[in-house]
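Next come two complexes, and both contain subunit A; in the first it sits with subunit B, in the second with subunit C.
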Partner chain A sequence: MNYFLRKLGTSLLNLIAVVVTIFIVLRMMPGDIIEPMAREEASRLGITYEEAYERVADRYNYNPQEPIYQQLVRYVKGLLRGDLGTSMLNPKNTVVSILSVALPWTIFVVSISLIISFILGMQLGALMAIRKRGIINNSITFYVTIVSAIPSYIIAIILSIIFVYQLRLFPKSGVYSIDVTPGFNMPFILSVLHYSVLPITTYVITSTGGWILNMKGSSVHVLGSDYVFAAQARGIPEKIIMRRYMKKNAMIPMITILAMAFGGMIGGAPLIEGQFQYLGMGAYLAKALGERDFILYQGLLLCISISVILANLVADLLYSKLDPRIRLE
Partner chain B sequence: MTPKNIIEVRDLTVEFKKPRGSLLAVNHVDFDLREGSVTALVGESGSGKTTLAFTMLNIVNTTGKILSGSVNYNGTDVLKLKGEQLRRYRWKEISMIFQSAQSSLNPLMTIQQHFWETYLVHEPEADEKKVIPRFFRLLEDVMLDPDRVLKLYPHELSGGMKQRVMIAFSMLLSPRVIILDEPTTALDVITQDYIFSILDKIHNETGISMLLLTHDIGVVAKVADRIAVMYAGRIVEVGDIFTVFRHTAHPYAKALITTAPSLLDTDKDKEPIKGSPPDLIDLPPGCAFHPRCPYATEVCREKCPALTMIGEDHYVACHNSLPGKGAAAYE
Partner chain C sequence: MTRLLHSFKDFFKVIFRNRQATIGLFILTFFVLLATVGAALTPLDMTVDYANRFQMPSWKHPLGTDYVGRDILAQVIHGSRDVITLGVVCAVMALGIGVIIGSVSAFVGGFTDTLLSFFTNIFLTIPAFPLMLILAVAFNVQNIWAAGFILAIVSWGGVARVVRGQILSLKHAEYIIACRIMGLKYWYIIFKEILPNMVSLLAVQFIGLFQNGIASSMGLMMLGVLTYRPTNWGVMLSLALQNTGIAYNPKGLIYFVTPIVCLALLQLGCIFFSSGIDQALNPRLRTE
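After this line comes the complex of A and B, so read on.
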């Protein structure tokens, strides 16, 4: 329990550091975004500029003219109420409502992609470690070299060209077809799966290579260890050695990377999601940054950071479950 | 009556390919392990002891290649065993405690899981409940508390405990031979002594044959009844422990034995062995020991001496040990 509380404490400290850092870094961006909006509001409603400025600042819960500590207090007060502010370019949408739409799609795509690429990576990586030479090894190496040299958005574009524009097998954009009603019904689920195929494929193609190489390295390391040799001397069949000795030991560090990759990928890949107009975190991130909607940007960053911190916490706890050397006390 | 050999190694050569060239870790070696004996195989690091021992389990490292020879165990050539036969032979007939005993256990498995796993792959019909008493007895034999130890993970054991677990583990399937590769290297003297008393007890109770790989002459004198000395991949002297200690014939063996520290005499008159172990990739011609040998003559530089019998159960590979020559043993 002690261990758990300690890790939880560290995570909270991380969270506080992240909130403050994001806040300060974003405040360092030049320009006053409230100003043009206040001007416009003043002329529209026929009120003084100061009055309009006050109203606009209140609406976004952000006043750049206040001293920075007051801004921080205002921001944190909002956070504690669960208020992340309002999108600047689309005042009807609160940041929380945008997150609640975008996050599930990203989590959905990212988890499926990660599961597929992780399993593929573990199997192929282990295989490469066992068969040091031969056609499998050479073709995997070839694949990994090619894929790691091509940026993910290029792969997204290639997939689009082939499957969307040439073969017309998959939709060009969106997360589900407008013909279906969201809910727990078959047409909706099928439509969601149909729309997610290309983003998921892009993720899998680009990230599997890394998993393979990581797992190969880890497996080769374990294969050279004394306990594998000793197990061979005890007449343990190769199959058991591969599974219980090599894979299990080699996968421990992979699990940590997995949890961290999950956290990291919550940011979505703006370029991948952008290419498929898949309205997840990445797409909004790209949009917020492009349109200088930095209340939204701030909210997205915070959400991504929380995911990373949470994923790290999960990794720590998982690690201690998997490796008896790091047991919870 | 000649004693029975449980392992007979004949003309064994093992080659390792290195970037600089190839080396023979074991070089045309003949070696017998007498049934029921404790044979010590002595030599410096890199003399080929471990490689020779590995061939007895047919588990030569992937970079090593057996060029010639045979290892006969009870009438079968171990080097010809393959697949399932080889798998069943290992540990069931011959078990080994590695030099790296401290890291010979899977960090993710408890001791009981290790024991049971190994037992099960050799006795697929076994029932875990029925063999647990056996695990208990084995651990009690090495003075460990089975109730506690079986549940522990390797990292929860101390060095001495791990070593004793490995000894118990090596006895799991009642093999006929145990190979102990420097079983006490990483341990303090008290624990060393303790381990050897346990091994001695096991040997007395079961009559198991043991092959002890070490460079510690003091240990050899205490526990072994036969000794073989290895130098640069060859056996240079072999025989009954008393004969070899009393009539040491090979200059290298002699140097090893006389340089062993003792509490009774001073270090002053101890002569270190001059020079350093040879480069195995570029061995000197003739006898590999001749550059360091005080008795070396012309013939030593040209011809490699063969292992020759010079007394009852006493063999030596040296040109000058033969009666009437320099370092002769039986004056």
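After this line comes the complex of A and C, so read on.
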């Protein structure tokens, strides 16, 4: 319980710090981003410039003319009400409404990729630790080396050129076909899967390598420990030692890496989702950046930072559940 | 001086004994030569020449020409200078920040440690790449120093954490405690006892930062927030994607593939070399 509260407190503090950091980044934007919009609004609605400025500032929940602490108060108040302002390009869309559309797709793709690459990595990593030589080991090493040398966005580009443009097997953009009705029906589910194949493949190809290396290292470490030696001395079959002794114990430290991997994947999303125009957080981040829609950008950045904090918290709690020693520290 | 020469000789002896490290060293040397000697010897002509666009490799243009008839090889060579400089600038800055914060955190301890660790944690929490994007826009990055600074700001966190951990474990090592009991000066212990034990760690971190800095800077260029020189590999890649119709145009393939191959080779060199450098500088790994 004590451990849980402490972790929760750390996460909250982290959250506050992240909010402040993103607030500061937004304030570093060159020039007054509200001013041109206020001028435009004043001439369009026939109201005074000051009045228009006030209206625009309210809409974006951001007034650069206020003193800095007042801006922070306004920002935090807005956050607590769930108000992140509206998109600068299309004031009809609130940032929160865009987030609620985009976030589920990113979470969907990233978590499926995380599960697949985790399972693959655990199996292959354990295999590498057992078989020190041979063709399997060599080919896995080759794969890991190649994948760690090529950044994920390049793999995304190559996959999209081959499968989207040359072979035309997968759609160019979107998250599901416009012909299906969203809901729990077969055509919709198949369409969603069809649209997400390439982003998931990209994530799996690039992140499995890291899992393999980590799992291999951890397994080798476990294999060197006394209780494995004792088990071997007792004549327990190798297969059981591998499964019950090595794999299980070697996987425990992997749990903390899960959160880091999640953060890394979501951080790479602007390039990968952007390449496939898969309309999740990443694609919106890339879009907001291209259109210099800073209000939308800070909302998206805040949202993915919060999901990383949550992922860290979950990983910490899971870790303490699996390894009770942690709770005592 | 002779001692330094001796350890230099030792260093290369160990590197050449390890096949991976040797390959890595060769690749890295090749790119450094390309960026210095190669760039000095190859004239760069960026004038547009539509008549000669998309030429196949020939004696005049060993890698053919791009979508407006400029020599690809010359662009790649001049680009390597930019890419490597940016990687080094980023790595030096990030290593500097990371080492300062990590070591102050570990040496001073107490509240300072808590505060700095918390600060480090923030930068490890906010996803690096999106933060980098918005910082690049906010600072309106136009030159190599600013670009390196942006890359460094988001990547020092890992270094700080590793350095802090290493110093904390060294602090309680028996030979350091012996030094303290002998009453040796604080600075003497840091520079003569602790620092030499961190060289391999810092070298590996440096290469990692260099490698990541290059990969992310190319990512930034592809999203168009960092466009300071058209010959940079990342800019070449994004130009290839935008202007050659690469998805349907096999003629643009060389222009598109060349920066990718160069990037992958350079990254490969870093990976191989850093695995060897760890063994070369860490005598404990050698005997095993």
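The rule is short, and it goes like this: the second predicted complex is superposed on the first by the 320 of 329 C-alpha atoms of A that agree within 3 Å, B and C clash if a C-alpha of one lies under 4 Å from a C-alpha of the other, contacts with A are read in each partner's own complex, and residues count from 1 in each chain.
One rule holds for everything that comes next: a residue touches a chain if its C-beta (ideal position, glycine included) is under 8 Å from a C-beta of that chain, and two chains touch if they have at least 3 such contacts.
What you see is a predicted model; the values in this text were computed from it and never measured.
S.K.: Given the touch rule stated above, what does A:308 touch, subunit B (first), subunit C (second), both, or neither?
M.R.: A:308 sits against subunit C, while subunit B stays out of touch.
S.K.: Between subunit B and subunit C, pick out the one touching the greater number of residues of subunit A.
M.R.: Result: the larger residue contact count on subunit A belongs to C.
S.K.: Which partner does A:271 reach: the first (subunit B), the second (subunit C), both, or neither?
M.R.: After superposing on A, A:271 lies in contact with subunit C but is clear of subunit B.
S.K.: Is A:325 touching the first partner subunit B, the second partner subunit C, both, or neither of them?
M.R.: The answer is first: A:325 touches subunit B but not subunit C.
S.K.: Could you look at A:97 and tell me whether it touches subunit B, subunit C, both or neither (first, second, both, neither)?
M.R.: In the superposed model, A:97 contacts neither subunit B nor subunit C.
S.K.: Of the partners subunit B and subunit C, which touch A:244 in the superposed model: first, second, both, neither?
M.R.: first
S.K.: Where does A:165 make contact in the superposed view: on subunit B (first), on subunit C (second), on both, or on neither?
M.R.: second
S.K.: Overlap the subunit B and subunit C contact sets on subunit A and report the shared residues.
M.R.: Touching subunit B in the first complex and subunit C in the second, no residue of subunit A appears in both lists.
S.K.: In their complex, what parts of subunit C are in touch with subunit A?
M.R.: Those in contact with subunit A are residues 118, 121-122, 125-131, 133-135, 137-140, 215, 218-219, 222-225, 241, 246-248, 260, 263-265, 267-268, 271.
S.K.: Would you pull the subunit A residues touching subunit B in the complex into a rising list?
M.R.: Touching subunit B: residues 225-227, 229-237, 240, 244-245, 248-249, 322-325 of subunit A.
S.K.: Please output the residues of subunit B touching subunit A within their complex, sorted ascending.
M.R.: Against subunit A, the touching part of subunit B is residues 57, 59, 86-92, 95-96, 98, 100, 103-109, 117-118, 121-122, 153, 155.
S.K.: Using the touch rule from the top, collect the residues of subunit A that touch subunit C in their complex.
M.R.: Counting only subunit A, the residues touching subunit C are 13-14, 17-18, 21-22, 25, 28-30, 145-146, 148-151, 153-154, 157, 160-161, 164-166, 263-264, 266-268, 270-271, 274, 285-286, 289-290, 292, 294, 297-298, 300-301, 304-305, 308-309, 312.
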